[in-house]
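By letter and in written order, the chains are A, B and C; residue numbering begins at 1 in each of them.
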């Protein structure tokens, strides 16, 4: 389809603004734009149809099964959207006087209270805009903690080799050196290796639990104790919290600081890549270092933004974070309540186990006995024997109208597919998908050569990613020049 | 209680049986007894949709929605075309994931590609990324792009938005980077003092145009100073102003960044907003975050993909220069639809109107005893005045009339008000505001 | 002029142009394992490289791999053509040198061509 720049005609457009009711002011020559400004010149009809066409080329949770492991693509409730669009939230200026934003502050206070209870933490900040941003913020808290104690040489963050890529990247951004800790062949943190790696230079340890293989770390108390004994702190990557709400809490496992992904566990939409929200919770020992401002409740029951917090790491984002995402998450928590959140986690784990159980005789599943809310398939054998890769299997799924699982993650499993069905899928969907998965596997074994051509029924086939990266074309040029 | 779980308890029981389990607890045997909660969460019980709706509306009512807003300071109310809200509410766009599966994500990918193109057209730059969290983090990320082994010093200007300075200080705090701030004079960066701070260890210079106080900085001359010492030049810009104002490229910038909120995104109590980043081609591979590129499929059909991914954290891990993963994609789409709807004429008109309204507001305000322009330089749609008497009393009076007045500055600017006007502020509104202030100032 | 060609276990080739000047590239085995390369991050002239330490990295679409220096010295030349045409490493790895290093003061234990072929047949 054409780009918006290739549509329309000079002189077309939408009539949106009135003529000026005050004298027009001209900018002085010195600062006046000379460079021609090219933007689309399209009528509202063309614009509307353009995006409807783009919409039809986009696959959302609303279109079908979306089992992206570690991404928790659950249904995004519509009431959340409606509430977030209310003028009482959407039209509030962030710098309004405090007594005119008590509702916004109440949203954050309630969300803080509820998330603290769900995770076993004492305080939360909503400034971080996404999970990775939360990791960075949480690690800054850890650094501030050690610095306040005069431990400047604690500059190492331990990270399991199964961790999300953001973990090591965030640690480096926060000024740490990363030490990778290997996993055992059963997919757990290698406790002995961890013991060896922990020492008086350890600032902290980052872990997802259940881990990225969908397994709950059975030795979690021993693990967090090793780090505490060494003088370090434990960081909980909340990407997989959807497995344990109301069942177990990071705070009770020995974690000192957590980030959550409201756009995963708490049902806010992914929006094609964002905005998310990555609130960070911590135990009291880290509360002094939380970003500024924080919200406190005055004696008169009013909420107050406190800016001059001694010890605070400062600010990681303008204003107060992705506020409207927090509004959506709070709406969700209020809807589900204490019973509903637990039921959501239980159902997520049930759906994953159901799928895994019915697939394990077909697909090689490295850890087939049990899983939490997600499980991992390895197609290493299939690749060796038939030359069919995880990518081939994923692309075949596209032709069946289902979104493939996360591919090639975690890195420690060769040819991995990571499946997280979530709790919001029906049994019928799971049954259909199980059949499709089996059918694809059979085809891969019987006709491996055919697998390389998938998908055949999508708008485009597999794009040439090598060409895209070698000679990047990253924008349209009105003058026809190539980049 | 509300629930989005479709399967009934009976179906769940059947599912359990089919996998050889008796009850749901049997799935959680992996969790050691010692870390189990074994009690109910101390949260309220769930609610029906109607109850939740009422509850949230009640909370919302505790906020004051101002009819008339003359406050900016980093968050700007502009007219948002209906089509922007409609398009960005389409469920496919709202509920899709990051477009890693290109074959079923051409819609989102093309929209990002179009967004990148328009950010380049606005700023005059060669390449743009798919967005970062906001303007302040865009500034911090831009600084990291400029660091070199022998250039670890970053020069900021005092006239940046204070949040930008705070975020940069935070991002630089763990790294081996020296941050210095060039002072201002008469609301603009002091070039002489700036020059003394620039040296051959300086990685980059960051300036905001128009600056926090609304003043237009001498970005040509300041860019020449940066170039003179071999430092990269970063300009943080207001995208609406680029309808009439010189582009960062024209000022000689290597990187253009900014807060994209004015492009069709509601005030939202500060977020989600939109950080945009664009650069000259030679810095392309240093841009953080996702980038969409054009390519072809095996049949030669045009296709869009996420590209240059080997820069990113999921591949480069601890060697990545940024950890960003989720960005602000739907906000980027909002900005793209806004720019499509406005077109170059519309954007220029919005910029002209904003500037004209601000000047009219300033003229009218300064007719009142005690309101004086604090700075004399050229400005776009924000300006600072003095205030007769107590600032809070004056602003409080406006508030009683449903008007959010200018922003009361603090610190050494105590007693001054930062005003803003955009195309949404009618002459009538401005005249009303002025009439109220005349009463107060007497 | 036939110069001595040696190989490292991390799959770089080293060609001694004279006693203290070498050229370094990636072996054919390395490029075939890495797949289609899309970008090369190279050091700058004047940078120091250390035997056993990475001095560059090569990117494929979904991976990035370090390139290790078999010698210690100063980078005297950089093959900038590769910045635009990383595919040359795939098509002709022995011609597509990455850098030249002078003032070579130290080198790793290096393998002859036969030893290296032996090494990769055992490794594969």
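Details
Keep in mind that, in the parts below, a residue touches a chain if its C-beta (ideal position, glycine included) is under 8 Å from a C-beta of that chain, and two chains touch if they have at least 3 such contacts.
Since we're looking at a predicted model, the values are computed, not measured.
The busiest chain interface, judged by C-beta pairs in contact, is A-B. Relative to the centroid of every protein C-alpha atom shown, the closest chain centre, again from C-alpha atoms, is found for A. Note: the chain lying farthest from subunit B is C, by mean C-alpha position. Centre-to-centre separation of subunit B and subunit C, using mean CA positions: 44 Å. One finds 38 Å separating the Cα centroids of subunit A and subunit C. Distance between chain centres (mean CA atoms), subunit A to subunit B: 20 Å. Residues of subunit A in contact with at least two other chains: 465, 469.
Within subunit B, contacts with two or more other chains are made by residues 308-310, 315-316, 319. For subunit C, the set of residues that touch two or more other chains comprises 38-39, 59-62. Residues of subunit A that touch subunit C in their complex: 408, 465-466, 469-470.
Listed in rising order, the residues of subunit B touching subunit C in the complex are 285, 308-310, 315-316, 319. Across the complex, subunit C meets subunit A through its residues 36, 38-39, 59-62, 86-87.
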